[in-house]
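A, B, C and D are the chain letters, set down in written order, and residue numbers restart from 1 in every chain.
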Amino acid sequence: MADLAVRNDPHVRPRLVEGDPSLHQVTEAVSSIIETRTPYSWWIAIAITASIAGVLKLCLGWLVYNGIGVWGNNQPIAWAWDITNFVFWIGIGHAGTLISAILFLFRQKWRTSINRFAEAMTLFAVACAGIFPLFHTGRPWRAYWLFPVPNTDLYMWPNFRSPLVWDVFAVSTYATVSALFWYVGLVPDLATIRDRAKTKGRKIAYGVLSLGWRGSARHWRNYEMAYLVLAGISTPLVLSVHSVVSFDFAASLLPGWHTTIFPPYFVAGAIFSGFAMVVTLMVVARWVFKVEHLVTMKHLENMNKIMLATGTVVGYAYASEFFIAWYSGNPYEKFTFLNRAFGPYWWAYTLMVSCNVISPQFFWFKKLRTSIPFMFVISLVVNVGMWFERFVIIGTSLHRDFMPSAWGYYHPTIIDMLTFFGTFGLFLTLFLLFLRFLPMIAVSEVKGMMATQKMHDAHLEAVAQAVEH
Amino acid sequence: MALIFPKTIDQYVRIGGALVAVMALGGIGAYVYFSHPLVADTGYSPVQPVPYSHKLHAGTLGIDCYYCHNTVFKAAHAAIPATETCMNCHVRVKPQSARLEKVRNSYATGEPIPWIQIHKLPDYVYFNHSAHINAGVSCVSCHGRIDQMMEVKQVKPLNMGFCLDCHRNPAPNLRPVEFVTKLGWQPDRDPEEMGREIIAAKHINPPTNCSGCHR
Amino acid sequence: MIQIKTKQTGKKYWRSLDQLAQTPAFMEWLHREFPSSAEEVIDGASRRNVLKLMAASFGLAGLTACRRPVEHILPNVKGVEDYIPGKPYFYATAMVHNGVAQGLLAEVNDGRPTKIEGNPEHPFSLGAANVFQQAAILGLYDPDRARSPRQDGKDVDWKVLDDALKTLSGSLGQGDGLRFLSESVTSPSFAAVQAAALAKFPKAKWIQYDAISQDEVRAGSQLAFGQQLVVRPRFDKAKVILALDSDFLGLDADTVLSVKEFSRGRKVAAETDEMSRLYVVESRFSTTGATADHRIKMRASEIKAFVSDLAAALKVGGNELKVVGQGDKKSKWIEAVAKDLGANRGKGLVVAGPRQPAAVHAMVHLINQALGNAGETVTYYKSTLEQTRPQLEAIAELAGELSKGQVSTLVILGGNPAYSAPVDLDLAANIKKVATSIYVGLDVDETAVACKWSIAEAHFLESWGDALAPDGTATIQQPMIAPLYYGRTQAEIVAALTGYKDQRPYDIVRNYWTAKFAKGDADKLWRHALHDGVIPNTTFAEVKPVVDAKKVNGAIQPAAQSASGMELVFTPNWATWDGRFANNGWLQEIPEPMSKITWDNAALVSPATAKQLGLSTHGWMVKGYKATDTEGHSDPTQAGNFVDMIQIEVDGRTLEAPVFVQPGQADGSITLALGYGRTECGHVAKGAGVNAYKLRTSKAPWIVADAKVSKIAKQYQIVQTQEHGTMEDRPLLRESTLAEYRKEPNVIKEMLEVPELVGLYGDWDYSKGNQWGMTIDLNACVGCNACTIACQAENNIPIVGKDQVNRGREMHWIRMDRYFVGDEEEPQAVMSPVPCMQCETAPCENVCPVAATTHSPEGLNDMAYNRCVGTRYCSNNCPYKVRRFNFLAWNYGTPEVEMMKFNPDVTVRMRGVMEKCTYCVQRIQETKIQAKLEGHRPIKDGEIQTACQQTCPADAIVFGNINDPNSGVSKLKKQKRNYGMLEELNTKPRTTYLAKLRNTNEELEAKHG
Amino acid sequence: MHTNTPELRDKTIYGVVAEFDQPSKLVAAGRVVHHEHGYTKLDAISPFPVHGIDDAIGVPRSILGYIIFCCGSIGFISVASLIYWAGGISYKLVIGGKPLFAWEPSIPPIFEGTILFSAFAAVFGMFAINKLPQFYHPVFNYERFGVATDDRYLLVVEASDPKFDIVDTQRLLESLGAKHTEVVEA
C-alpha cells in the first residue's frame, strides 16, 4: 500500500536494482556467473573469436614481412584504414572511463551496475586501438623511437612538436590509468570471490589477485580517496585523449583536417560510439547472464539518452564544418567539403550522416528508447556510422587536397579488411575471458548503492506512514 | 574460515619482491652496459689473411700512414694499398719470408688479398677522410694508436654520438695538418686553445644536421 | 689506356660482388632475411617477383649496423696510375638516336658507369641529355640482355661463333646472295668497313632501314633542291615559328639542341624582352603543341592542303590556289599566320614533321626560301653519309628476294626488323627461308629468334665507335666498361666476316681517324678527341641551295581528300621509341607527357570522335568534385581508369587497342604509338601495350587515310601518374600573355590575394652562408621528362611496375604536372616539374614524430632515411605531395648486375621509409668539401648543379645560393614572373616558379586562346 | 575463566570479532564502543564502505591526497624539463622553422605526464598506506570471515587495546546486538 504510494510518487526515482534482492542475492547473482561450470557455449564462442584473432595475427605477420604495400594505402592517401581503425577503437574506449569517472563525479548512482563492464570494454578497445599506431609504421621494429627512450647511441630524441608523439603520451597514459582504475575497482570484488572460493586453485588465484583485501574501515578510507582522485584525473584525461587524437588532424594544414572544432567534436563522437558499443554488448550480456535486475532498463535508457545527446552534438559539428568552410571563404576548404558530400566518396558521407545524426534521433521517443531490439540495432548502426566518420575525415581529405595533379583514390585490399575484422576477434576474446573469470558487475559498489537506497526508502516509508495518519 | 595463506607468507612475499626489484635493476644496468657503444662497438679485431703488423711498419719502422693509405688527403675513402705497394719494398726486404707468401702469390696471380674490413660505418653514413684530415683531425682520433697495434683493433665506438661529440666541439681533436699522421704527437701547449685557433683560422664549422652525413 | 683501366676495375667490382654473394655471411643473411629465399617478396602483381631475389651487398651493408658479418676489402693488385678509389670519373662518349649522334659524358664510379650527362663541349648537347640518353645506363645493366652467341636458339661459346664466321667468310665468294641489313649507318669508320665489304663482295647488297625513317624528309629535299641535304633549323634565331605536324620539341627532336635553341628565344628577363612566337598545327596533342602560343588541331592528312593554302596566302611561287573548303576559323588562322610570317621575313621559320609527305617538306623549303628565312633561320648541309635509296623501297626489294629464296646469307645488324619492318613484307617469316641468317643485337628479340645465329651486341657504353652529329660533327664513342657479356660491335662482326684490315673495334676506329689526322701529332689529336668528345673541323659543308618552285608547286596539288574514313597516324613514343627501349623500366614508367599514361600505349582519340564511336569518354577537362562534366565525361579517378577498346582495321589486318580520350586530338584522327606489344623481350616489356606495327604497311608507313574502327566489348585498364586534368582555378601553375605582362608586370603576383602571413613564432634566420634555392621557368619547360629520369638515375629511385603505379605508388621525386587550360575545343596545356619545395617552414618536419626530416642551416629540408620509421604523416601534411614512400621492398628484387647502376653517393632506401628530393644534397656536399680542400674558397655560382638542372634541355631549372645577390637564381627570383606555389600557406618554399607567358597574336587572340 | 593477563593477550589472542547484519548497527555499536567505552584499537570490516564508520571508531583522515599532489608535480616538472632538454639542449635541430622549445606544443605531453604520475601515486600510494598486499591477517582467522565480503559487518576490538578484556568486551559487543562474537588468535 504505502509501497505503492512510494512507487507512484513522481519525485521518487525508479529503482536501479529491481526485485529488491538482498545483498547476498546480489553477491550470488554476480559471483555465480564465474563460479558455475564453464558452459559449452562459452567454449564455442571463444573458439570462434580466438580464431578471428588468429586472422589478425596472420595479417599483421604478412604486413610486417612485406611492408605497408599489402594494404591499399598510397600517395596521396598515406593514411587509410589503419588510422581509421585506430581512431574508431580509441573512440569506443571512451565510454568506460567516462562512466566510471565523470558519472562518478556527478554522483550518478546508476553507473555502478555498468561501470565494471564498460571499463573492461575500454581496456580491450584501447588494446585493439594500440595495434594500429604501431603496425601502420613502415618499420615497426623501430617504433620505440617514438618514446623518449634515453639512448647512448644516436643522441636522438622524439620530436615533441609532432601530434603523433602527443598521441604516444596520451594513449599510453590512458591505457595505464584505465587499467589501474579498473583493477582498483576489482580488488574488493576479487576478495569476495576469494572468500567464496571452494577449490584450492581458485582460493590462491583470487587470493593473490585481491592482495589480501579485507574491507577494513581504514582500507576503505584510503580506497575511497584513491578512487575519488582517480576519477578526478581520469576525467580530464579521457577528454584530453581524444582531443590529442584529433590534433593528429587539426594540427596539420590539410583542408578538412585543419579545424579548431575537432577536439570537442571528436570527444563527443568518442562518447557516442563508446556508449553505442556498451549498449550493444550489455544488451547481450545482461540477457545471457540473467542480470536484468541489476542492469535495468533504467540504465539502458540513460545510455540511450546520452547517445541521443552526443549524436546530436556530432551532427552539429558536421553542420558547422560546412558553415565554416563556406564562411571562411577558403577555396580549398570549400572544395574539400563539397567533395566530401558530393565527390567520389559521397556514399561514405551519406552513410555517415544517416547513421550518426539521423538514427539516434529516434531516441526522442521513450517507446523506442526502451525497446531492447530497437536500441540494439541502433547501437550497431551507430558503430558503423562512427567508423565511416573517421574514414570520411581521413580518406576524403587526403584523396583530393591542394594539387589536383596528385589526386587519387583508395581501394582497400583483402588484408586491410581482414586486419580490421581480426581486431574484433581480439576484442571479443578478451571480453569473453573477462566475463568468465572476473565479476562483470562492481558488486561492492552496487551493495553500497543499495544500502544508501535502503536508508532512503526507510525514510520514505516513515513519511508515508505519517501521511496515512 | 580456513586460512588460504600461512602466517609467514608476507615476509616471503617481501623478500621475493625485493629480489625481483634488484634483478630488474640489475637487468637494466646490464643492458645499458652491454649495449653501450663503448662496449658493443669496440674491440673488433679479426685475424687478417696476412699477418701484417702496423706496430712494426708504422711504429718501429716509422712508415707514414700516408705511404700506403695514399688517398686520405684527396678522397673520401682511405685506400687499402695495392699488393704492388707491399712489393715495392718486399722484393728486396725478406723476399723469401713465408709470411709474405700470400702477398707474393697475389702479386703473381693478380688475385687481390681479401683483407677484412674492421672500421665499418653503416652504408647510410657518408664519411669523407679528406674533409677531416685536411681540417686537422688526426687518424688517431678515430682509429687509436694503430702504430702500437700488432693486429688492428677497433678502439673507438664510431657511433653517431661519437661523431656528434666531435662535430659539436672539434677543438680537442684538431692539430696542424702536418701532424695528423703522427699518432703520438702531443702539442707543446693547451690542445683546446690550439684547437680554437685552428678553428678560427680555417673557419671550421662541422655540420650537425642530418644531411651532413646522411644522404 | 682507359679501356684497360675500366676493364680492370670493372672486372674487380664484378668479381668482388660474386665473392660477396658466396660468402657464408651473405648466405646466412639471405636466409635469415628471406626464409622463403628467392620467391615472392612483393605481392604477386608486381613485375619484380619474376626476377629472382639476389639482394647482395647493399641490403647486407645496410644491416652491418646491427650484425657484423665478415666483409672483405679487395684492393687492386697493381696500382692504377692517378686512379682514386671511390672518386667518380667522367669520360666523353656519344649515343646515336634517331640517326644522329649526340655527345655525352658518362660518370664512372669504380669502373661502373652510373650516370649519363650531356657533354657541354658538344655542339648538339651543350650539357643536356634527353630521356633516352639518361636511361641508357639502365639499358646497359639490363639483366635480360643477350649474354652469348646463340645458334638455332641455343647458347653457344664465342669460340664456336668465331669458327663459324671464319668458315662462312671463306665460302662467300663474290658475295652473291649475301645481304646486309642495318639501320642508317652513322659511323664513318663503320662506313669504311661497309665500303670495304661491298668492294670485296661486289655482288652483295647493303640495305639500310630505320623503323622511324627520314625517307620523306630526304625525298622532300630531293624534290625541292634536286639533292639530299641535311636541314638545320635554328630556333633561337627565329622570331615566328610555324610547326606543321612537327613535334620538334619532343619526339621529332633528334638531339636536345632544338629545345635548347628554342628555349633561348623564350627566356624573358625584363618586361621589355623579346620572345619568339610559336604556331603549331598538328593532329596529336604534342608537347610542342602544349608549348605553342597558338595551336589548331588538324588531321595529319590535311596538312598538305593547309600548307598549300598557306603558300597561296603568302603568294609564294606560281601557286595561285584559292582557299577552298576551309572552315572560317582555319582561313582566319592562315591569314594571321601568313601575315605574321610575312612581317618577319628572314626571322620566320616553317618546319614540317617527318610523317608529312615529301611535297609538304618541299613546299616548306620553298616558303622558307621565299620568305628569306633560308640561310638565316634555317641552313642546309651536304651529308657525307647520304642514302640515295628510299629505305622502304630497299627493304621491300629485300623482302622480295628473301621470299624468292635468292638470299643465301643475311646479316642483320641491329634494329630488330623482324618486329619493326612493314607488316606486309612479313620479314620474320621470310628470314627463316635464308640458309644462313645472322643477327647482331643487344637483346634476344623477335629478329634474334627468327635468325639461325644471333650474336650478343656490345652496348654503346661498352664499345669503341664513332658517330656524326646532324651537322657532321664527329665524336668518338669510347667504352666505359668492358663488355659485361663479351658482346661484339656490329663493325667487329662485319670486319670478321669480310676480313677487314682491322679486326678489334679499337683498331677499326682509331686507325680510321689517325689516318685522317695530321701525321705528326695524330696521337695527341686522338687523345684530345677522346677527352673533348668532339673532333674539330668535321662538320659537313654548308650549301645554299635553290628551290625548284615549279616542281614543288606541281607536287603540292592536293589529291582528292578522302575525309570519309578515320585517319590513323603512327608515331614513335616517349618510352620505347620504336620498341628498342621496351625493356627499360625507367622509360616504361615515365608518364607520356600529355596523357600521363605509363607502361602502355593507347589509341588517342578526341572527345568528339569518341562520342561518335560510342566510347565511354574520360573527361580530362572535368572540373570540381563532380563525377561527370556537362558533356557527360566521367572523371577518370572515378572511372577507375578502365577504358573501352576498339578494333582498328587497315586493309584486312586488325588490331585491338585501348582507347584514350585526349583533348586537343584532331577529330577523326587516331594516333597510335609504335614500339609496344613486344613478344620476344625481357621481363619488363612483357605485356606492355599493343603492337602498332601490325597495322603498318609499306604503303602507308605513317598516315593511314581510312582505317576502319569499331568499338569492341572489351575494357582495358590504363594507368596514369596524373588522373585529374584541370587546375580547379587554383593559381598553381600561373600563366599570362606577353602583352599583358608588359602592360601590368604584377599580373602574376596579383593572381593570388593573401592577407599578410604571420607565423606564431619569429622566423628562423637564414641570412648567413649558403642558402640554397631553385627557380623553375614554366616559359622554358617543354615537359620532356628528362629531369625525372636524370633524378631517377642520380638518386637510385626504384621502379615499381604498372600495378603499383596503378595503386598510386610511383616513386619519382620530381614529377611532371600537366594541366589543360582553355576550352575543350582547342585546349592548351601548361606543364611543370614539381620537386620538393624545401619549404623554410616545412609542414612535413613539424609532424615527424622521430625528427627524421629536419632543416639544415643552409635551408635544405633534410631527410634521414635511416631515422625514418614510416608513419607517412609527413606525406599527409605536404601540400605539394612530393614525398614518396617505400610501400614495399622495391630494391630487394634488384638483380646483381642491375645493382651496378646504383649511385654510391646516395643511400639505397629500404622498405618502409619515406624519401624525397633533397636538391641532390650529395652533390652539394661533394662540392662543399672540394671547396674546403681548396682553401675554404667560396662556392662559385653554377658550380653545384642538381641532376634535373644539369640535364634540362630547356635550362628551365636554375639552382644556387639565394644569399648571393649575383647568383643566377637570385636574379631570377627578382623577376616579376617569380612566385611561390601555394605560398599562401606560408610554407616559404625555396623552389619558386617563373610564370608562363604566351606570346599571343592579338588577331587570333580575339577568337580563341 | 580467563584473566586479562598481558602475556596471554600478546601471545595468542588478536582480539574479538563481533558480527552485525546491518551497517547501521555496526556504526551504532562502533560509536558506543569507541566514544562511550573509550576503546581505541578498533577496526570495522564491511563488504562496502559504510558511511559514518570512520568517526564512529575514530579512523584518521587519509593522507593520500598529499602524496598524489607531490607525485603529480614531479610528473609535470620532469616531462617539461625532458622536452626542454631534448629539443633545446641535447640536440638543437631546426624543425619547421619553429623555436627549439616552445610551451604550446609541449602542453599535451606535460599534461599526460602529470596525469600518469598522479595515477601511479594514487593507486600504489593507496596500496602502500593500506600495507597491501598482505596475505595473512589475524581477522582471517575469524570462523565466518567470508560473510564480511558478502553481507555482514564485523567490528574488531584488538587485544592490544588497554581496556580489552576477553569476557567484558565480548559481552559488551553482544549487548550491542552482535549476531555472533568470537575470539580470534593472532
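Here is the rule we go by: a contact is a pair of C-beta atoms (placed from the backbone, for glycine too) under 8 Å apart; a residue touches a chain by one contact, two chains touch by 3 or more.
Treat the numbers as computed from the prediction; the structure is a model and nothing was measured.
Visitor: Where centres are the averaged C-alpha coordinates, which chain has the largest centre distance to subunit B?
Guide: D
Visitor: Tally the contacting C-beta pairs at the A-D interface and at the C-D interface, and name the larger one.
Guide: A-D
Visitor: With chain centres taken as the means of their Cα atoms, state the distance from subunit A to subunit D in Å.
Guide: Roughly 31 Å separates the two chain centres.
Visitor: Just curious, how far off is subunit D from subunit C if you go by their C-alpha centres, in Å?
Guide: 81
Visitor: Please compute the C-alpha centroid of subunit A, do the same for subunit B, then give the distance between them in whole Å.
Guide: About 54 Å, centre to centre.
Visitor: Calculate how many whole Å lie between the centre of subunit B and the centre of subunit D, each centre taken as the average of the chain's C-alpha atoms.
Guide: Subunit B and subunit D have C-alpha centres separated by 59 Å.
Visitor: At least two other chains touched by the same residue of subunit A: list those residues.
Guide: 154-159, 161, 165, 194-195, 207, 212, in rising order.
Visitor: Among the residues of subunit C, which are close enough to touch at least two other chains?
Guide: Where subunit C meets two or more other chains at a single residue, that happens at 843, 845-846, 848, 851, 854-857, 867.
Visitor: Residues touching two or more other chains, restricted to subunit B: which are they?
Guide: Expected reply: 1, 4-5, 164, 209.
Visitor: Spell out the part of subunit D that touches subunit C in their complex, as residue ranges.
Guide: My answer: residues 93-99, 102, 104.
Visitor: Which residues of subunit B touch subunit A in the complex?
Guide: Touching subunit A: residues 1, 4-5, 32, 35-37, 159-161, 164 of subunit B.
Visitor: Given the complex with subunit D, which residues does subunit B contribute to the contact?
Guide: Residues 1, 3-10, 13, 164, 208-209.
Visitor: Taking the complex as given, what residues does subunit C use to touch subunit D?
Guide: Per the stated touch rule, the residues are 759-764, 840-846, 848, 851, 854-857, 988.
Visitor: Okay, in this complex, where on subunit D does subunit B touch?
Guide: Within the complex, subunit D contacts subunit B at residues 91-94, 133-136, 140-146.
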